[in-house]
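Following this line, the structures themselves.
Note that chain A is present in both complexes that follow, paired respectively with chain B and with chain C.
Now for the complex of A and B:
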């Protein structure tokens, strides 16, 4: 292997400081014992972490975000897995453009989609906020479900399925006992990717909040616009810890190769 | 084989996207053309206003600058990752992925801590006695650009690592051993081979920056309006849904055009990858 030139090494180190430094700074600012954001932190206090749990808006919106992310991810897998299966098993019988069609939710700017949902579904059909939010989140994570499960199906040897069927196993039972266990890694990866995407989403949720119902990222946005204390820094640390936890689960079960598609 | 089964399996997903995504978008599009003053009155009105033209140009300008910065940052880093030993590579890729999995609110907020009045840069410069008054870096176009470059550089890195890893080392060695300088090897051998990855990354970064809301709202303040913040303001503060719809359609058309044109360019550059 050829050695990298010193200039390249220095550039790469600088870029990684640029990428990770701001997150370290947020973490440091979260323990500052000041009423305003300070770096380097002045004094040491965990009171902003306590404050995260005392601000009821954060508690409530976190629960809503969690429900939306879990339900939306579940629904997207429910309709995404059959679609991914059909595309890899019977792709020849389906139009080629179909897999492009399924990318549409990623192609359309999310803020545009959020606005359209508000004007076309929430207002026209008088649908309450929660189901509209759920619809929005289900649609934006659907492409992840289809593509990640599809990638997993691409490595599955369908002759195992044919063997089971020719030996007299009913098709549905074959799917549950042969296909599903073999793609569970892909399903878990799709679940995690979709869950994090939904949990962090701002542009779709932006228009779909109503009296008493908002999501955590929207609440954080509102808080940052009005207060300058380190509470959001503390909350950021908690969310980063959650991300690390999720990445550790992926690493343990699937290996980190899953992040590089 | 059963001819209905494949269609049966894809129907729920097709219906979900058609009814819950395509129809609402068509509704938004139709609103912009059904105007009392004429079919294109909404667009005429949008482009007639100097302010709106300024916002559109600012949004495009920011997205272009961010894309260029992301390429400049992402290329050497991805090249470094691609040539790093295996054990290092996965650590470096995780370090690039981690910011992507973190909330955009958190990542934009970080720059408030850095660029703010009591932020690190001001504190440092004042501590060194280089300035006596804090610089106002926050709530500027520059702050938006820095924030977005920070947000989207990882996407560029990840788009490039794959293509750079696949470049056959012997091709690079051949170029060097035949007497080409490292710079010439880069421009004539490595860059053309990496072009599909550059294009994919550039499309992701450009469209992401062009349609971003969180970063401009947190780092740009009131004065530096971009299309996304203008759309939100028209819809939720002015309650002018016709104008909001017009902005939504302009954003959608520009985004999708960029994606379609660039994927065609990518296909032409690398027929094998298509």
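Now for the complex of A and C:
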């Protein structure tokens, strides 16, 4: 048995505290029987969880968030899978800047990006709120789609594709029957990552939400500005539970190994 | 149907670099021809061009006289076997082998029968339901071979198929490849950088250098009568001497050059031009006493014992060479000697200017 250095142990513990600490605090605060966010919690009550479902704005914005996240992720994959394929298959022939270009949405401060989208799409084209939001989120999650699918394609041996073509399979059909099934895991991982990123996004949504249409995180911000009760904490716990559930389903069906690979 | 293959005047470029230069290659129906050369010589490019994954900038590719240059890769009816097997990881062995038949619309029942028969032939019937990941390298390559053969292609292409296997398996597999190719009577092109592999299984070998074919002939002729210095060097004639004829009398030609002098019997060596290059393998140079009239003067250095003979490293006017010496009469390090020729292990090449 190898002995770990005390420094390593301390660092590891610190990392866990910083990662899990906030979650524990939020979870604890959500069951507090007080009218304000309190930690450590005082008393025990589940009424704030009930309250989450009673505030209609949360329900509405959750549905909108869900639609935006689903559609945005879907669109980003629609663009991202072919892009990732082209980058890994013909990358040597493409300008190097191209693969960096697709990461730009991560590098540009999202506040700036949200503002530019507002002035470029919302104002200039006078597009309704929902499509504007959808475009914004699609762009924001596109890097995740391309990167994660790209990582999956990096382990794919393209000579299998050529083998299929030589056996009489047309190129497009080869992509569906040979390439796609082998990057399924990567696509699913990209989907989940992009979905969660979209669901959590604040800076871009902040600029693009408009009258009557908002996303859940923005609604939560608005709520906290007006009320300081533990409802938001309860909602956060529910969102965490949802994420854990999704992860658990993925783990059961595919194994989380797909994410690490 | 066994078909012949003709490449005529093929040129190919990657961007601005020309990788094939006006290349011609004729392969008779049923022949197994190897493209042999170092990496970057254009052999794989030639193969990909025949398969339809690359397009020539000039020239034509013809199967049985019919130009297929414009035919898409998936319509060429060519079987391919890759170095890294290129099996479909998500399909069972049987599905891998049956893939080509499925594309051709062969009914499931017949498909199963033909796949089963093919798997039997390559000795993998018991593995039909396995995924490729559960197979060894040799088994994977057998599956790849079965997959390419089962569609009865007009042409079978091999791209360094044995490079990822260990030495013993390579020897077994190449015999197996040759047997299957013969049994199915399929025209085949085999790309490799391994001379022994190419020579052992091919009807003819094209030795390639810098996008051109240096020499195209049977292994026997390539091995004994290389046409130029490149091929000579490739097949093991390591020592080259530039010689000039100084006298011809009584069927014996005397040639001199680079400090060496040889009396060459015309009955053995054939008619010789006035100037030529003589190539010799290590076994083609024999160490004799310095008192010999003819030979290449040498100063011996390291001696190694090989059971049947000694090998010497020798410093000569043409550089440091390896020569063979009799077991009966060992020389010592530092001895002066003459190296004489063993005709069967030498070759005559055109003079290099």
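Here is the rule we go by: the second predicted complex is superposed on the first by the 241 of 261 C-alpha atoms of A that agree within 3 Å, B and C clash if a C-alpha of one lies under 4 Å from a C-alpha of the other, contacts with A are read in each partner's own complex, and residues count from 1 in each chain.
Definition applied: a residue touches a chain if its C-beta (ideal position, glycine included) is under 8 Å from a C-beta of that chain, and two chains touch if they have at least 3 such contacts.
Being a predicted model, the structure only gives us computed values, none of them experimental.
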item	value
Which of chain B and chain C A:46 touches, first, second, both or neither	neither
Which superposed partner A:63 touches (first chain B, second chain C, both, neither)	neither
First (chain B), second (chain C), both or neither touched by A:157	second
Larger contact residue set on chain A - chain B or chain C	B
First, second, both or neither for A:181, with chain B first and chain C second	second
Partner chain(s) touched by A:207 [first = chain B, second = chain C, both, neither]	first
Which superposed partner A:121 touches (first chain B, second chain C, both, neither)	first
Touching partner for A:98 - first (chain B), second (chain C), both, neither	first
Partner chain(s) touched by A:169 [first = chain B, second = chain C, both, neither]	second
Shared chain A surface residues [contacts with chain B and with chain C]	none
Touching residues (chain side chain B, partner chain A) in the complex	1, 3, 5-7, 9-10, 12-14, 16-17, 20-25, 27-28, 31, 73, 76-77, 79-81, 83-85, 90, 92-99, 101-107, 109-114, 116, 118-120, 123, 150, 153-154, 157-158, 161-162, 169, 173, 182, 207, 210-211, 213-214, 217-218, 228, 231-232, 235-236, 241, 244-245, 248, 251-252, 255-256, 259
Residues of chain A defined as touching chain B within the complex	1-2, 4-5, 8-9, 11-12, 15-16, 18-20, 22-23, 25-26, 29, 36-39, 78-80, 82-83, 85-87, 89-90, 93-94, 98, 101-102, 104-105, 107-113, 115-121, 124, 135, 138-139, 142, 146, 196, 199-200, 202-203, 206-207, 217, 220-221, 224-225, 232-233, 236, 239-240, 243-244, 246-247, 256-257, 259-260
Chain A-facing residues of chain C, complex	51, 53, 72-80, 82, 84, 86-90, 99-100, 103-104, 144, 147-148, 151, 157
Chain A - residues contacting chain C, complex	157, 159-160, 162-171, 174, 178, 181-182
